[in-house]
Amino acid sequence: MTALLPATILFLPLLAAAKILLLPKPMKGLAPAVSVGSVVLTLILSLVLWAKTGSDSTTVTLGSWINLGDMLQLNIGFKINALATGMMLVVTFIGTLVHLFSLAYMKDDDGKARYFAGLSLFMFSMTGIVLADNLAMMFIFWELVGVSSYLLIGHWFEKNSAAEAAKKAFLTNRIGDFGFMIGILMLWKATGSVTFDGIESAVRGMTVDPGWLTAAILCIFCGAVGKSAQLPLHVWLPDAMEGPTPVSALIHAATMVAAGVYMMIRVSFLLALPDAATAAHVIAWTGGLTALFAALCATQQNDIKKILAYSTLSQLGYMVMAVGLLAKEAAFFHLFTHAFFKALLFLGSGAIIYACHHEQDIWKMGGLARKLPRTTLTFLIGTAALIAVPFVTSGWYSKETILHAAHAHGGLLFYIGAGTAFLTAFYMTRLCVVAFLGTPRAHGADHAHEVPKIMLLPLVILAVPSVIGGFSFFAGRFLTLPPADHDHASHVPMIASLIALASGVSLGWLLYRGRDRDPVRISLLARKFFIDELYASLVSWGQDAVARIIHYVDILIIDGLGVRGLSGLAAVVGGGLRRLQGGNLQAYGFLFGCGVVVLLFIALSLH
Amino acid sequence: MILAALIVIPLLAAVAVAAGAPARLTSLAAAVLNAVLTVAALMAFKTGEVGYQLAATLFTVLPSPDLKLSVGVDGLSLVMVLLTALVSLGAALASPSTVARGSLRLYHASVLLITAGAMGAFVSTDLFFFYAFHELALIPTFLMIGLFGTGDRRTAAWKITIYLGLGSLILLAGLAALFLNLGGTTFDMAKLTVAAQTTPMAAGTQSWIFLTLLIGFGILISLFPFHSWAPQAYACAPTPVAMLHAGVLKKFGLYGLLKVALPLLPLGSQSAWVLNLLLFALLGNILWIGLVTIAQRELDLMLGHSSVMHMGYIFLGIASHHLIGLTGAVLLMFAHGLSIALLFFLNGVIRSAAGTTHFDRFGGLAKQAPRLGLMFGLATFASIGLPGLANFSGELLVFFGAFKNVAAGGTLWLPLATILALWGVVMSAVYGLRAYRSIFMGQPGANPATVPDLTTTGLLTALVFVIPLLLLGFFPNLLLDLVRPALAALHG
Amino acid sequence: MLLFGVGVVVNRNPVASALCLVVSFVGLASLFISLDAHFLGIIQILVYTGAVMVLFLFIIMLLDLKEEARRALNAWAVAGGAVVALCLVGTLLHVLGTFPKGEATLPPLVVPEGQTYEDTKALGTLLFTEYVFHVQVIGLLLLGATVGVVALSKKEASK
Amino acid sequence: MGTLNGYLLVSGLLFTIGLTGVMVRRNIIIIFMCLELMLSAANLTLVAFSRFGLVNGLPNHHGQLLVFFTITVAAAEVAVGLAIIVALYRAKQTVHVEDLKSLGG
């Protein structure tokens, strides 16, 4: 296979973004068309790529990015296998729908051209991550998705909250990338390669120092922690909801945040090494704790997008946990199904927000089921998939595989997973009951009306894979399903998740049916365990205060002692010399004479 | 003769401006001509060949010791010439057509003299003129800050004069010691390199001379703790001077380290204690100054500090003593030169329109000045090392290089220093984005300053920097292919 | 001659000092002539004793300088001067005492047959051949000095 | 007196006298005269060496030319110097160097 096809898929969105940027002002109206055109084309090309690849795995190199002879070669190359093509389909499919949805959602926005340029830039960067055959190239695009995410979260940059959220997202990701880079360097140091294939063959051929390996894996995992918003770098994701809702659906639900999981799956051969058991353990626990933590937070949020954001965190936690449990197929399976139903939920929430005149508080909605029946229906399908309604939804199958893996692994993680499933069912029921049932509690919801067709269309399209995405006849075409060994598997996970689902839904129903105000108030959860506050004070008291102190020290000591000391010395010496330069000609004459004599003596003594 | 013309044109233009030619037009014409000639030199340069090309001896000053004004470029100096040509073109575009006080002729003539001095320092193949041309560029710099600066310009001018004067003096002492210890018969850099290889000095002598050179060059580059002249000087300097000094003249010290100190003192530069000192200092640059930068509330001071901080990465590349790191350092020098010049240019635009650069006075500027916002964003992203822009490639190579040498008998500190330096990438993102956030995003605070959008000339100026940054971000090999053979020849 | 040189220094009256200087210069000119440097001797008399000294006297008259009031001599200056002078003299004597060629007496001049020694001619030839550039420079210098003097006095005059 | 040493001794003493005068006297005009003395002393040395170091049996005319130039420059110097003294006197009404300290810091 030549590099032409993947290269086209990669660079088409970049060309679109550049073209939008270079469009002259009067033609900025063409921006959406350019962007949508490019994304549709990449979807088609991705399908071609998927069809051509099948179950092969090939690596092709497009060209050299940095060429330092045999010292260092960083290439732009593509590792194309079923994983990559499957991910590409997810990205381009959801990308296309989000572009379509945005056409309506952003119709009246002033910065439409900027928005679509950002979307195209994102598609470019995400494609780069998916197709990259080496860590360096992945890191490049890793940073670039960060930028496009920054641009899109900060789309409404005049809003202080959006500006802050964009900054926060970028900086938090930077912290993760810091670790990622160290991990890349450590792996390069140990194996002499940055390509996945090179590293894989190297670690199979030799033993890497276990400590070094564990540290390297955990450092790489830092990148995933940042991008996939795992504890403790999760804080940016809920704030990222300041961005336009389609962006939240595409970037902060379906694709970019899954990039961390995807990356860990790409390097999962490292986790499978016997020496990496500790690292895998840490990863699994990080995922599990994030899942539980985020689900707890979600139960007390009132902003519809925040609830969904925390649920995203929680589901990502599942995936990361699966990666840590060495069940990479399960992780990718869940990534795949989650992408559809979470995109559906986000676009659905976008439609709701749009219909309710930009109202995001669920307590100011209510009775929407009657006002927006079709939107409600698709939203409910998404919810069903998320809370894993058995047998008929995609989420059920993928979540089941993860719980199976956790159960097989044994220990506490399985119970955490089950508990999270219960919480998921509970908070989603709360959301649906409060928003869709009852009577409108505010003006916006009262005057809500069904959204335009172009917004509804993506919802309907997404509802299909949300349902059938988990069935093996569908999913099996796009990805490697986890080995099905139902004969030997215990039924404990299935029973546990059924119990969790039933109890969660009924508890939610009982608590929230017919309420106008939240009957439960747990400020610890509503305030997200005060982690934001903790970080804020850490930044302001730790970093900023230290920075200010150091600033003064810099002025006082270095500038003070250094420069003042230097100039002080100069002043003393100068003062001494000044006495000599009294302007008295005779003194000059005397000194001149002395100089002559001294010089004479020197000249004589030299002979 | 192309290279000689590169020096002579700005000199002639300076004389013409002083004599009464239209100031802005003449300096612009000289800058454009120089840029064209630089492109011609790039065309004429044969990539991959070792040694000086386009070499010429203009005149012999002394037959013995061998001292002559001769020019020539290898890949390394050609890159610096290109940088000088680009930044001086930008600076010429950014120079005003009227000045509030003082003489416009003096202003433009000084800018041209700085350009000529920088060009001369980079194309000279003679140690003496290498030094002398840099001094030629420094003097108008001091003058300009004192005469045309803003804010507390007198203090700033005195500080930079004393500091850089002292630095030059120490440098001179180091160079003299180097010259004498290598036989004292020639100033020709190529012959000195040969002499250093055939009759190496004792390791101890080398270490001491290297330390002297490191301090001398270090003061010029604002190596921690000799940095405190830089932020204030840049904050007070007129825009073209800040662009030229931060963009080009500061790189002279690094160029000197790469071209003179490392190849002539191979043992001295690798002796453990000198290396440890260097690592300590460069971490000071990155972490200490990084924190100080975070504390800044004014754009010009922040940029001044950030330019000090970024020198740390280049020093890390030099300290790595590995070809990867050295190549990365050169790429970073080039990229940083362009990005900081662009930032100072935009800072100048904001300052001249608003009269202040304090963050509290701004907000949401991207709304009223979208071009400015875009260019500033690109420059910020470049300087915090985002892929797609040249700085990232340079930083990446520096880190790879510094990490590479862990096993090659390098000191234990090197990997740790690399990791600590990597944290600097996070810090630069913190201050870069904070500045962007406070000035261009969010709601305007009380009493906001208004800044008009970039004019076409302004946009053109910015593009002089942005285009090469993007080009090298996507295709770093363009520059690496030039630099690598030269560095390989210099550092064996 | 040396005595008159001392006279320059010790005389309180500037006019007397100047006259002592004249005599001293004439002595010097005679020394030049005794060294067969006739041309320089004449020049010395013409320029120094003629032009320069007249200028000095003219200025002294113009400024109407009286005898110096009997100020207390600056003891430090005198002591310092004496020390430096003694040092110099000591060094001089030491050097001359150890200078072997110094004992040489005047060597006779070797003049080709049928010619007399004409130093003026020789100097003139040299001056306008080998040193013609230097003569030009000196000329310029004198011109500059003239202009400078005029400028200096004129500035005062316009005050 | 016919020896080289004799001439050098005279020259040296004359120089010393001049230098002493510069250091001891306070009248600027006399200081100026003493400077002329020192210059002349140097001239004497030059002429003496020129006469004693014969070239092809003739005195070294290059040395004598240097003396010629020195005299010329000294004349110019005297002219300018005296003009300055006059200007100074007009401004300060004094020729005593102790009263002329405006150069001091």
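Should a chain be cited, it is by its letter among A, B, C and D, assigned in written order, with residues numbered from 1 in that chain.
Basically, contacts are C-beta pairs under 8 Å (C-beta built on N, C-alpha and C of every residue); 3 or more make two chains touch, one makes a residue touch a chain.
Computed from a predicted model, the values in this text were never measured in an experiment.
Student: Based on mean C-alpha positions, I'd like to know which chain lies farthest from chain B.
Tutor: Computed centres place C farthest from chain B.
Student: Any idea whether C-D or A-C has more C-beta pairs in contact?
Tutor: C-D
Student: Using only alpha carbons, which chain's centroid is the nearest to the whole structure's centroid?
Tutor: Chain nearest the centroid of all protein C-alpha atoms: B.
Student: Using the average of all C-alpha atoms in each chain as its centre, how far is it in Å between chain B and chain D?
Tutor: About 53 Å separates the centre of chain B from that of chain D.
Student: With chain centres taken as the means of their Cα atoms, state the distance from chain C to chain D in Å.
Tutor: The computed centroid separation for chain C versus chain D comes out at 5 Å.
Student: Just curious, how far off is chain C from chain A if you go by their C-alpha centres, in Å?
Tutor: Each chain reduced to its C-alpha mean, chain A and chain C end up 92 Å apart.
Student: Chain B to chain C: how many Å between their CA centres?
Tutor: A distance of 57 Å separates the two centres.
Student: Counting only residues that touch at least 2 other chains, which ones in chain C make the list?
Tutor: 74, 77, 80-81, 84-85, 88
Student: Two or more other chains in contact with one residue: find those residues in chain D.
Tutor: Answer for chain D, listing residues that touch two or more other chains: 19, 23-24, 26, 98.
Student: Given which chains touch which, is the overall layout a line, a ring, a star, complete, or other?
Tutor: Topology of the interface graph: other, matching no listed pattern.
Student: Taking all chains into account, which pairs touch?
Tutor: Result of the pairwise touch check is A-B, A-C, A-D, C-D.
Student: Quick one: in the complex, what on chain A touches chain B?
Tutor: That would be residues 64-69, 71-72, 74, 136, 139-141, 143-144, 147, 154, 157-160, 162-164, 166-167, 170-171, 174-175, 177-178, 181-182, 185-186, 188-189, 543-544, 546-548, 550-551, 554-555, 558-559, 562-563, 566-567, 570 of chain A.
Student: Please give the residue numbers of chain C that touch chain A in the complex, ascending.
Tutor: 74, 77, 80-81, 84-85, 87-88, 91, 94-95
Student: Going by the contact rule set out above, which residues of chain A touch chain D in the complex?
Tutor: So the residues of chain A in touch with chain D come to 578, 581-586, 589-590, 592-593, 596.
Student: Touching residues of chain A toward chain C in the complex: what are they?
Tutor: Listed in rising order, the residues are 586, 590, 593-594, 596-597, 600-601, 604.
Student: Which chain C residues qualify as touching chain D in the complex?
Tutor: Going through chain C, the ones touching chain D are 1-2, 5-6, 8-9, 14, 17-18, 21, 24-25, 28, 31-32, 35-37, 39-40, 43-44, 47-48, 51-52, 55-56, 59-60, 62-63, 65, 68, 71, 73-74, 77-78, 80-82, 84-85, 88-89, 92, 96, 99, 101-107, 109-111, 117, 119, 122-123, 126-127, 131, 134, 138, 141-142, 145-146, 148-149, 152-153, 155-156, 159.
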